[in-house]
Amino acid sequence: MLNLLYLLASLSFIVGIKMLGHPETARKGNLLAAVGMVLAIAGTIFLHPTPVSGMVLALILGALALGTVLGWVAAKRVMMTQMPEMVSLFNGMGGACAALISLIEYHHHVGQAGAMASIVAGLVIGSVSFSGSIIAFAKLNGTLSKTLRLPSYNLINNAFLILTLGLGIALVLNSGTWPTYMLMVLLALALVYGVLFVVPIGGADMPVVISLLNSFTGLAAATGGFLYDNKVMLTGGILVGSAGTILTVAMCKAMNRPLSSVIFGAFGGGGAAASASGTEGNSVKDMSITDLAVLMNYSKKVIIVPGYGLAVAQAQHVIHELEELLESRSVEVKYAIHPVAGRMPGHMNVLLAESNVSYDKLVEMEEVNPEFASTDVVLVVGANDVVNPSAKTDPSSPIYGMPILEVDQAQHIVINKRSMSAGYAGIDNPLFYHPKTSMVFGDAKGVLTKLVAELKQM
Amino acid sequence: MLELFEHNLDLIYFLILAAFVGVELIGKVPSVLHTPLMSGANAIHGVVIVGAILVMLNCDPNDTLNLILGFLAVLLGTLNVVGGFVVTDRMLEMFKKKK
Amino acid sequence: MILCLSKETRQGERRVALTPDVVRLLVQKKHTVWVEKGAGEGSFLSDEQYEQVGASVKPRAEMLVQPALWLGINPPDPALLSTLPRGTAWMGLVLASMHPGVVQAACDAGITLISLDAIPRISRAQKMDVLSSQANLAGYKAVLLGAQALGKIFPMLMTAAGTIRPAKVVIMGAGVAGLQAIATAKRLGAVVEVSDIRPETKEQVESLGGRFIELKQDESVRIEGGYVKGVSEDFLARQQALIAQHVSQADLVVTTALIPGKKAPMLITQAMVEAMKPGSVVVDMAVEQGGNCALSRLNETVVHRGVTILGEANLPAHLPLNASDLFARNVLAVLELILGEEGLNLNREDEIVAGCLLVEQGKAVHPSLLQP
Amino acid sequence: MILCLSKETRQGERRVALTPDVVRLLVQKKHTVWVEKGAGEGSFLSDEQYEQVGASVKPRAEMLVQPALWLGINPPDPALLSTLPRGTAWMGLVLASMHPGVVQAACDAGITLISLDAIPRISRAQKMDVLSSQANLAGYKAVLLGAQALGKIFPMLMTAAGTIRPAKVVIMGAGVAGLQAIATAKRLGAVVEVSDIRPETKEQVESLGGRFIELKQDESVRIEGGYVKGVSEDFLARQQALIAQHVSQADLVVTTALIPGKKAPMLITQAMVEAMKPGSVVVDMAVEQGGNCALSRLNETVVHRGVTILGEANLPAHLPLNASDLFARNVLAVLELILGEEGLNLNREDEIVAGCLLVEQGKAVHPSLLQP
Amino acid sequence: MLNLLYLLASLSFIVGIKMLGHPETARKGNLLAAVGMVLAIAGTIFLHPTPVSGMVLALILGALALGTVLGWVAAKRVMMTQMPEMVSLFNGMGGACAALISLIEYHHHVGQAGAMASIVAGLVIGSVSFSGSIIAFAKLNGTLSKTLRLPSYNLINNAFLILTLGLGIALVLNSGTWPTYMLMVLLALALVYGVLFVVPIGGADMPVVISLLNSFTGLAAATGGFLYDNKVMLTGGILVGSAGTILTVAMCKAMNRPLSSVIFGAFGGGGAAASASGTEGNSVKDMSITDLAVLMNYSKKVIIVPGYGLAVAQAQHVIHELEELLESRSVEVKYAIHPVAGRMPGHMNVLLAESNVSYDKLVEMEEVNPEFASTDVVLVVGANDVVNPSAKTDPSSPIYGMPILEVDQAQHIVINKRSMSAGYAGIDNPLFYHPKTSMVFGDAKGVLTKLVAELKQM
Amino acid sequence: MLELFEHNLDLIYFLILAAFVGVELIGKVPSVLHTPLMSGANAIHGVVIVGAILVMLNCDPNDTLNLILGFLAVLLGTLNVVGGFVVTDRMLEMFKKKK
């Protein structure tokens, strides 16, 4: 019976993770996995083959209740922007849990090489994951803001790694016959290594690190599965271990950093993605085309701001296709036409008429400006000066006094252009550094074509 | 070595297949889902709590130290599980169907 | 048989029935081609160009010396026909229903009269179809004339000085000319609305990006072989009422509605013109058949309460380069059918010949001419 | 201050500097507007329409009774300026380099002269930029005029009577007018080739679907602030040689090349015209600045060896509905800048005011007028 | 050691199947799986734990050699068009092999319920797969061309199914203590059921059936795995079983037939896709958009024949996109413009100019007609009369004498229109029934959009 | 029933995971690959030949009937394997890059 529950829980994890991979089913997938987890926990407690003392049961239930309340409240209270650090924290809890299990079980399996391997692995991996996650949490949190980097850092780091592994292997080979304080030394080493692992890494790479630590914790959980020959722990742990690894790779890819450079040495190093040559130290956020596709697909209202770049790229046909596609998914789409967008009066009209964009979809600046506030996504394609807030704020700017499209009122601003270069007026655009802004770099035609392809797959 | 392999054949197939499933499942996930997926996976490895519970269940009721450690382990595991699922759910709110 | 290319005499006509390109092909096939002096001038085709490809250029008087096949465009002046030697044939547009005198004159002069406008519109004859080739050009030109006369541009433009709304063009009749007019107005960026009474035109109009003005059909609308044969007064009144509001908002109205062999339907009444905005324009392509607009005058420009009504009849003549070219190719296709080894080979078994041969050697032979 | 809208007197002019729409806005802001009788006629705007929005319509004589701000389009007749009461201001196009007499007359009459064409082309002033708003319309009109005069259609058509090749249009100069000309010719289906000497125009031309004729730059080409300041004779000769072959194959050539404050560059020589096909057309938009074509005559149509050269100077006047509308909005934007609570508020600290204020109360104040 | 080989073979199957799913890696995937298979076979023979008599070994090697030669030759000789029937035949061999194993092993496991279940399942599934495959082979082959359908067919069919299953279960419950002839009855029943299963199904549905039988054979192989607790058989069998099922579903989807209707009752039914109301009993070939995409992607020269339908569908922008996409894959693309295509002179020019198709790509009829002979694919979109050969061959036709585009010179003719209805002239078009012609039914815009999407994925 | 389940736990996990892998692997295959994929899968289930070989290896050398049946089984299995892989390979030739 218990095994059946475990099987069901295992299945719920597999299917849950699968569902988490699709926007439409993700929420349900999470719920499903949670249900499976409840089954596994309840089963473990209430279908335990041997009788359990009331006190122990009370303790267990107490811990569960306390944990539930704390976890729930923390998770509900946290602000959207702080979620990644929360995840990191929770991950650390999981690692600590695995380490504690190993600490307790160590004495019970003296002499059993196999079990000892599981225990030691669980202790090491769990501890690294724990201390690493805590550091990641503190970094994201801002508590630990400096990126520490000792001089011969790599050396020290690798030394610790070798020490930890060596001691761990020795313990296993001696099957737990060594004194307990050696175990404590191992624990300490692992904890320190976790700290060393994460401390030098910059904020931008943190999500990758968390994902990696996450898959570590998965492995730690799996070691527990080995120990108890418990299938649900094994399934859950291995699943998270492998899925987490792939996810880490995928995240690296999305950030355009090879995983190898993340794991070895180059880890951190300032975070290439975070600072695409922003002037004045400002930083620019990159967005992948897939993310843009999802964002648009789940929007209610999208306003497209075409500019000279759209004409240069001759992307008028694709943008019309995008518009039709979004409309067919009942996203409202309009074009905001700035009076001097392009290089001749009415340039955008000429362009969009060519691809048969309905005249009704073209909205003048005065009319569209109040609409941005109720807009989910503004997609700026090859426009620059006409959305440059300096025109309003900077009296020394050559475009000061020109009315602009007030796209910063919208919830998300996505700007597609090939680079950070300036437009006709030759000036920098503060909008690119706006917190709501994401950039999608590339030729407009290429980017929009891919965007349409991505959208079609959703 | 080969012996170890032969003895744990079932386990090894299991591991390989499970790892494969994990890899295949993630396959081509849109990158917006990276964070929620990580968070969901995070909650799932909270299954380590099962181990913590087992520790306590098998614990001598008088072994206070281990009981305390066990209690802590269960508490931490619960935090991982509950916090993980709830945070994931909140992250996924943005994918609610509009209208 | 000698082929004689005549110089058109109609006021404002600039086309010519054969171009040097086509003459070259005819000469290659061993035909003798005589070209009237200055025949190609209006189409920027010099006498030398004709001579270079093997034609002889002569004054008309010298061409009348022997029977020949005369090629022209506009219906010939009856007086002129009588100067042609017996045994001569004349081919070109006759428009017999509008010019009954021509047939009579041909009979009197004992000549053969071949009417290109009477060629049946069957698939095989498409390449001989001068009505289509010329109407197509006319449709383009009508819109350009209208755009030229209109004190406004067609496309929508959003500029620093404000937004220019797109011009609204209403086109009546979606035949060959009407469809090309739709295409041209759309190209220039106008919003185009179209009315026709043949139901299949709706899809055709939409295939060109125009908006079709739906009109409830009724049994008084008689349609045969793709042509409107007639509609009741009552229906016309309903149609007028429906289109009145569209016309009142239009910047340009182009009317092309025809009923073959009959007076063109009256679609734009004086009241409708008066309801139009000052500055707007009407181009009445049906003016020669009586006009679709009550105020249009043949070959005149009327301005009524600020609305300009253009009554230019011969629109293809404004595009002589293309119009002559296409007309000449149509003529060539007909010649390939009717020119035998020695002279004309008018096989009336052939549907096409039967359709376009009005008078043979002074005898009226076309079915439509036999009844009365 | 009273705003006086004058009726344009230039031959063929149909525009007007204020439309009822704009007058309504001015009246709402408590300005008094006097409209000269018949001022809007050419643009189909009746005196009643002006009265309805709160203006008073008067004959000119009655408007001269007190100082006011006069609004016009074309540079005023110096004789007329002298009739204006002292303290009056006049605003409109002055084109001082072409009409030096106007400035003199204004000084003599002790009035204020505001030149809309001298407004600096900075971003903030885009909505006041009459040169752009009118040149844009002119570019459209130039192509339509050319298409109208050309005995050919623009688009390619493959028909049963043969294929019509697309017309080839060559456009010289890709400024505001040139770009709109490209767009219009492309829309109608022509193949468009463009020559300009500012390097950035290549991308702009291609963004509109035109083909750019590459020309090797040289150091004699001086470009400042987006304008060509001058080129050497030598360079011009090389340019002519390069474009000669393109022009010789063109059906329509539209020239828009200007060098502000100088004579327009001569781009199409007589020999080049003579190498063109009979029936082709040249539209010289630079004719007022001396012309880009050697054979063009101001406001005349010249036919030289079968090539028609149109020298129409005032193209926006052919689109009075749009042109007046845009002009009036430009004027409104300027008025918003210079009209204070009581009368004119000419703050010469402001770059725009400094640029367009030529004469203040009879005193020449513009930098360009101070040196000599 | 053997187990290691098996593990490697299992992995090669998994990875091989994965690679088979992508056009670029498919061939290598097939090879990989083949290598794994060789490992498994060689290992089984040469690492067998107990000594083997030379005669048996010789027999085994002989069978292997014979099978290899025969299989190789058959597979190499078969024509491209006959491959599906070959696959069916080979599938049948696999089924038969499984059944034979069961026949032999039956006596060795009397009394062992678990083993007996495997044996009986292997026998039944293998036999059904065998006889079904043979029928499918015969049908595709043309040997068996009629679609037999007995009156109360469903009843009979289900009766046989129940009988077979019932007997099978009985045999298992009695753990092989029943006499051998009962086993033979079961064999016969299963064989007959396989025949009944496939006989009523029309040719068009055959691929689905083969795929289904394929996954059956997979399961049969897996039963062998249970029996011998042989991991490689299990992996291979289960993998094919599950992948084959999903594949079957995918094929149904691609044919727009719900799997349920294929499995239950509606199976076959004449094959909706095969005979779209061809007049005069002529039949019309359907083509899927994916196949068209592959065809075009691997062509050198494609000519597009646009007609009135393209204008009606307003598909001018998509066709231009298709053209650009193909050109970017170095396929030469032209448009053949018939002088009276559409409804007004120059209709196609107007249409294609709108989407900026270069004038150079438009070729007149006289010029293009000689080019068809060197063309791989002619794609006729919404044209009808202008490609109607009656104009040349049938003097009584209303379009007789009209010159046409001689598309039948090309290697493949693909025609897209919404239905079999006539064009302007109101007459039937023999080209639709031409052996080289395939039809792709649907609105031109929809079809071309999907085509472009498919192409982009290649 | 539950007993059977408990005893074969490893097997059941194995089956479920393997089936999952199969399903996930096919996931989104372009329909042009349907036939080659089917054909490749067809070759793979030829692994049943391993069973046939085992039958023979375990066969009493004097049991002629079973030897013949076994011989047949191996032969058929080989046909399945060899023919299957070769046909698949030929089908996939068309995916060779042109030029």
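In this document, chain identifiers A, B, C, D, E and F correspond to the written order of the chains, with residue numbering beginning at 1 in each.
Everything below uses one rule, namely that contacts are C-beta pairs under 8 Å (C-beta built on N, C-alpha and C of every residue); 3 or more make two chains touch, one makes a residue touch a chain.
Fair warning: this is a prediction, and the values are worked out from it, not measured in the lab.
Visitor: Is the contact between copies chain C and chain D built from the same residues on both sides or from different ones, judged by whether over half of the numbers are shared?
Guide: Since more than half of the residue numbers are used by both chains, the interface counts as same.
Visitor: As a quick test, compute the distance in whole Å between the mean CA positions of chain C and chain D.
Guide: Taking the mean C-alpha position of each chain, the two centres sit 39 Å apart.
Visitor: Averaging over Cα atoms per chain, report the distance between chain C and chain F in Å.
Guide: 75
Visitor: Could you work out how far the Cα centre of chain E sits from that of chain F, in whole Å?
Guide: 19
Visitor: Where the CA atoms of chain A average out and where those of chain C average out, how many Å apart are those spots?
Guide: Each chain's C-alpha centroid was found; their separation is 70 Å.
Visitor: Which positions in chain E are in touch with at least two other chains?
Guide: 14, 18, 235, 314, 339-340, 345-346, 350, 353-354, 356, in rising order.
Visitor: Going by the touch rule set out above, which residues of chain D reach two or more other chains?
Guide: Residue numbers touching two or more other chains: 126-127, 132-133, 136, 155, 157, 159-162, 164, 187, 189, 209.
Visitor: Give the residues of chain F touching no fewer than two other chains, as numbers and ranges.
Guide: Residues 13-14, 18, 20-21, 24-25, 27 of chain F each touch two or more of the other chains.
Visitor: What are the touching chain pairs in this one?
Guide: Between chains, contact exists in these pairs: A-B, A-C, A-D, A-E, A-F, B-E, B-F, C-D, C-E, D-E, E-F.
Visitor: List the residues on chain A that touch chain D in their complex, please.
Guide: Interface residues on the chain A side: 308, 311-312, 314, 339-340, 342-347, 350-351, 353-354, 385, 391, 398-402, 425.
Visitor: Inside the complex, what are the residues of chain C that reach chain E?
Guide: Going through chain C, the ones touching chain E are 122-124, 126-127, 132-133, 136, 176, 179-180, 183, 187, 203-204, 206-209.
Visitor: Contact residues on chain E for chain F in the complex?
Guide: On the chain E side, the touching residues are 9, 13-14, 16-18, 20-24, 26-27, 29-31, 33-34, 37, 40-41, 44-45, 48, 50, 52-53, 55-56, 59-60, 62-64, 66-68, 70-72, 74-76, 78, 80, 83-84, 86-87, 89-91, 93-94, 96-98, 100-101, 103-105, 207, 210-211, 214-215, 217-218, 220-221, 224-228, 230, 232-247, 250-251, 254, 288, 290-291, 293-294, 298, 300, 330, 454, 457-458.
Visitor: Quick check: in the complex, which residue numbers of chain E touch chain A?
Guide: Against chain A, chain E makes touches at 314, 317, 320-321, 354-356, 453, 456.
Visitor: Sort out for me which residues of chain B touch chain A in the complex.
Guide: Touching chain A: residues 11, 14-15, 18-23, 25-27, 29-59, 61, 66-67, 69-99 of chain B.
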